[in-house]
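Letters A, B, C and D mark the chains as written, and numbering starts fresh at 1 in each.
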Amino acid sequence: MDFLIKTLGAIATIIVAFIVGMLYMGINRKITARVQNRVGPPVWQNYIDALKLVSKKTSVHHGVMQHLAPAFLMISSMGTLLFIPILRGQSWFPNLSYHGDLIFILYFMVLGSLGMALGAGQTGNPNAAIGITRGLSQMVGFEIPWVMALVAMMIQYHTTSISDLMAIQQQHGWLMFQNPLAFLAAILAMLGMFRYSPFDIVGAPAELASGPISEFGGKYLGLMMSSGSIFAFTKLTLYVDLFMGGASNIVVLLIETFTLYLIPMLYGLVSPRYRTEQAIRYFWGWPTVLGLAALVYSVVI
Amino acid sequence: MNIIHITLGILLGGAILTYFANKISGVVRDLMFISTIVVAAALFFIKMTPDTVAVFNLGGITLSLGMNHLGLLFSIIILGLAVLAGFYSLPYMKGKDNLGFFYMNYLLSIFGMMGIVMSKDLVSFFIFWEIMTWSSYLIVVYNGNKANKIGIKYILFSALGAYSMLMAIVMVYSQLHSFSIADLSAGFTTMPASYQITIALLLITGFAVKAAMMPLHVWAPDAYSNAPMSYTAMFSGALSKMGVYGLVIVFVTMVSHLPQNFWVRETIAWLGAITAGMATIYAIFQDDAKKLLAYSSVAQLGYIITGVAIGTEISMIAALMLSIVHGMFKANFFMVVGAVERQAGTTDLTVLTGLIRKMPWTFFSALMSAIALAGIPPLVGYVGKWMLYESLISNGNYILVIVIFFASTAGFLYVFKILYSIFLGQEEPEFENVKEAPALMVIPMVIIALLLGFFGAFPGYLLKYIDNALVVMGYPVSQGKWWEMTTLFNAWGNKVSTDLIMYTTITVFVTIAIVLFYRWKNGRYVSTKDISLSGEMPKEDENYSFKLDFYKPFERAISPLLRYKISKYYNEFADGMEAFFDWTRRIYNGNAQTYAIYVITFLVILLLIANNIFTV
Amino acid sequence: MEEKKAQILEKLQKVFPEISETKNDFPYNRVDLRIEKNKIPAILFYLKDEMGYKHLVHITCVDWLEEGKFEVIFIVWSPVDKIKVFVKTFLDRNNPVMDNVDMIWRQANTYERELREMFGIQFEGLVAPKEFILEDWDDMPPMRRDFDTEAYARKRFFARPGREDARDVRQTIAERTGEEIPDFAKKYSR
Amino acid sequence: MINDKNSQKIVDIIQNFARKHSLFVLAYGTGCGAIEIPPTMTSRYDAERFGIRGAATPRQADVLLITGYLTTKTVKRVIRVYEQMQDPKYVIGFGSCTINGGMYWDSYNTIKVLDRYLPVDIYINGCMPRPEAVIEGFIKLQKKIMEGRAEGAKHYKENLEWYRANQKKVLGPTTPHIQEYNW
């Protein structure tokens, strides 16, 4: 019985993440349109897109790795979601959040990228491989400030568990005020994580014909879109858990995640695209300095 | 006559017999070789108990051997890999010249390694160390003239290590009048402080050569990539671990007693981390699969060295865990590259392409090794890395953890590069007729790949042995404190449940795979030539796989770092030495009168010095 | 400007007495000269190396169908003089062969490929892929004036019914303006 | 089980609704029509409010937009791109050149009638059609999709020999670049 309830809870979590993530992407498109003085698509446009892609009558693949690439992607989006706490101090959606810690999640988030990279590599499309190499290079870039921010938090409160960090923030106040430098470094790293402008070098449609996904169509693309939206929600929830003390109910969670989501979105709206080495150097510049300062701050305090 | 005699006897006898069996026929030699390994390993694992002791008397020198849990841990790596790589070796080496010699050295190096982990005194340790070094040197130069220079580099560095080790042994004897390792660890604190630090540093130098620590790693990439791959699996997987074994002993018995102000731990830990970082960066830009993996080995050994040098309980667990796991996945990776070399004829990453449909099982094992190498859950590679991070963070090495993390993340780059270049990309007519490797080569690889998954869910089966080894070294029992069968704990009591991770991964993967296969009939396989590239279609002789300048943007981003390459300094040093010796040659100008002047000068100087010395 | 143009022609005529016809009374910076075809590489070399005409603007061709000749025109330009020199030569229409000049300017290769494909002029020693713009072309080179493009289009492509009354645009203009179209132009206008 | 026509119909309606409101357009920029696409997509006319958005590769696209005359050299690529698209897929012919050749009616290297080579769902006439006309064409296509009449791909599959023969006639007897269309 307990197992059944937990399974249902996990499925509910994933469904909520899917719905919310898709909605955020739709709002993103709408806001982008308004900024460009357009009417823009309705906010539910992404659901329609996903439904259409999944109901395509045919879809071709170039081999088993490409066929399974969405499954790999889903491991890191759904799996990570299950291992982080969604709401604080409630029996809702606890999932597996006591069975993994921050360092584990850091690595678990990468599995999907690797599977996706291999799937895209198998298509034989040179654009896909170029996009992958850009994406991996960029990942090396933004992981440095991101890890620095996380390590700063871990050593400030002597825990690597997300649930513990949330509980501690209940007593001491939000970490984004307790260690603002770490929060800034993490936010700058988040710009790279979301891959909006100016860091959309992976799928740059103008140069690479949408990069890694250029050979994915139909159900593959639909599943990858869904995975992307779940992953977006996962990352936002992780940020809320880490820096805003988690949310006590779903409405607060939505408000907080959306506020965070506005940052990469609005930054992207007014930015052109970096070259890859510029992006890497960007992350190894001020974000890394901020991360180092955060480390020093948390050691000193 | 106990199991130690028997194991070593079988290995040594088997080595000699294999050499002579080569004169009879190839089949006999192969049978002799593989039965030696299998029988030795089987007897060892069935009969060995951790407190067996044996004594050899060789013409006045007494060699005392024994087994403990630490040795047992390393013998598992050695013999386990030896069996798998041995079977792999048979089809891989088929048809090459001089195989009796190769197999003899192969067995001798196993013999040497087994001797090292069983040595209880420094003399036997040194003897077996030299046996291991020389047999591996002979295999490195096995591939012929091209390998000679590489072999010289290897043997020069090994000699450097051996001399410093020998010097340390002499110093130990001069102080303690005993070669025994037990006496050394007991009497180390009684030595003068200058002796302590010198001995420790000399021994660390000796072992760091084998463990390929920067700046002593220069031999490793060439030597690893030039030996036959069936041996490199052992070379990188097991033989380099002998350096780790030595470092573990040094750090546990000696460095922990040194005064804090020597910074030995910190220096070595930093050297290990820098090794990891720099070797990873070099690995990213290699265009040869063997070279790439060789640099990757150096990088992985860097993590292990860091873990050993930090020396807390959990970091030691992490280092030993990483040793075992690195032995598994790197041996597997070298076997994969060997299989590709045998079937496709090259290991050049710019030439190879699209082998996944030709060699699916090889790809499977390469994929599993890659995930383990990158330290991604749910495979076992991440258990060691997780513990290493936890130990570094809880121990206060914050900058170190960033460096290690950078190396680990940058590791994804070369992992993707090697997998993509060999197995993915567009198929090439040149590799049309490539077949899957023979079963004897595939089965060991798949076994290791499956083991990586199994231990990922149940790391306790490995940690149990590590725990026993740590207890021998004087650490408290770690089971229940740091780990349980399927759970890992860190210093602050946070945990990771490996089995749940594995189950979640499998559940999600299988669910989505079912969704994908449910609509299977609307999917269709198309060849890799059928790509959407502005409506253009590659012709038969055109291949659009992305090969050259693979990580050019990354290279541009880190170009300031790449300017410094250690081998450049060694080369400059070598050039300088050559010039120096060229100059000294002029002293011997062949004129008898000049020699006479030299002799007289020398005698005068000697007299002056002797006068001073003996009058004081 | 005018003196400069005259000087250029004078100088060239001194070196190349084979120059048969010159013209420099254009109101802008243009000088024309005509020379026999086997002197073309020599005069182009001379223009480039001695007189500073280092820029090849274009190589083009005029089909003089009635005379049975192709006229190949090389246009070169000097950044110092700011004058374009048109070097013209006639080829026999039945045997259009001349020397390759892409060792003087590498970009000549492209123009020569185009002329080869569109007019069928053969440049001796031209190393270039067979096809330039057309793929799998099996008819007469299409820019020759005796190539009937409408007939070819009717033969090769489907035509949607309803355009049978489509006429040559020049005919319409001629009717509107009362202009007379010569017979040869009618015949070969397409 | 309600595995009858009715239930099938409901699924169809849902799917058609999704297809109608989510058209990923692969604009094959031939001829002068390519310049009409940017104003259609961007602020002034904003085709995205109808769910029309650009796709970078044929694998992701639903609509192939042929924006003007097609030379024989291009038509080879267009056929290939069309066959790389995933079913269901639609073709929009754009401008009079695709309808009857337009001003290139006697050219030796442009095709005159697009629907002989590819199944065209909607023609938009004009030389060139303005963005309003383009959007009007898209809305017509959406109507057709909702009514289930936009079955160009099915038509192509059923009459493949006829299309192939036409294509071969214009591309020459050897057309090595065309893959077999066998799904």
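Following the convention adopted for this analysis, a contact is a pair of C-beta atoms (placed from the backbone, for glycine too) under 8 Å apart; a residue touches a chain by one contact, two chains touch by 3 or more.
Everything numeric here is computed off the predicted structure, so don't read it as measured data.
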Most extensive contact between chains (C-beta pair count): A-B
Closest chain to the centre of mass proxy, which here is the mean CA position: A
For chain A paired with chain D, centre-to-centre distance based on mean C-alpha positions, whole Å: 36
Distance from chain C to chain B - Cα centre to Cα centre, in angstrom: 71
Rounded Å distance between chain B and chain D, as computed from the means of their C-alpha atoms: 58
Sites on chain B at which at least two other chains make contact: 524, 526, 530, 532, 534
Of all residues in chain D, the ones touching two or more other chains: 57, 59, 76, 84, 183
All pairs of touching chains, each written as two labels joined by a dash: A-B, A-D, B-D, C-D
Residues of chain D that touch chain B when the two form their complex: 28, 57-59, 76-78, 80-81, 84, 177, 179, 183
Touching residues (chain side chain D, partner chain A) in the complex: 14-15, 17-19, 21-22, 24, 42-43, 46, 48-51, 53-57, 59-60, 62, 84-88, 183
Residues of chain D that touch chain C when the two form their complex: 72-73, 76, 99-101, 105-113, 116, 166, 169-172, 174
Touching residues on chain B, where the partner in the complex is chain A: 354, 356-357, 360, 367, 370-371, 374-377, 382, 385-386, 389-390, 393, 396, 398-399, 401-402, 405-406, 409-410, 412-413, 415-416, 419-420, 424-427, 490, 492, 494-497, 500-501, 504-505, 508-509, 511-513, 515-516, 519, 522-534, 544-546, 550-551, 553-554, 556-558
Of all residues in chain A, those that touch chain D in their complex: 29, 33, 36-42, 45, 48-49, 51-52, 55-60, 205, 209-210, 213-218, 221
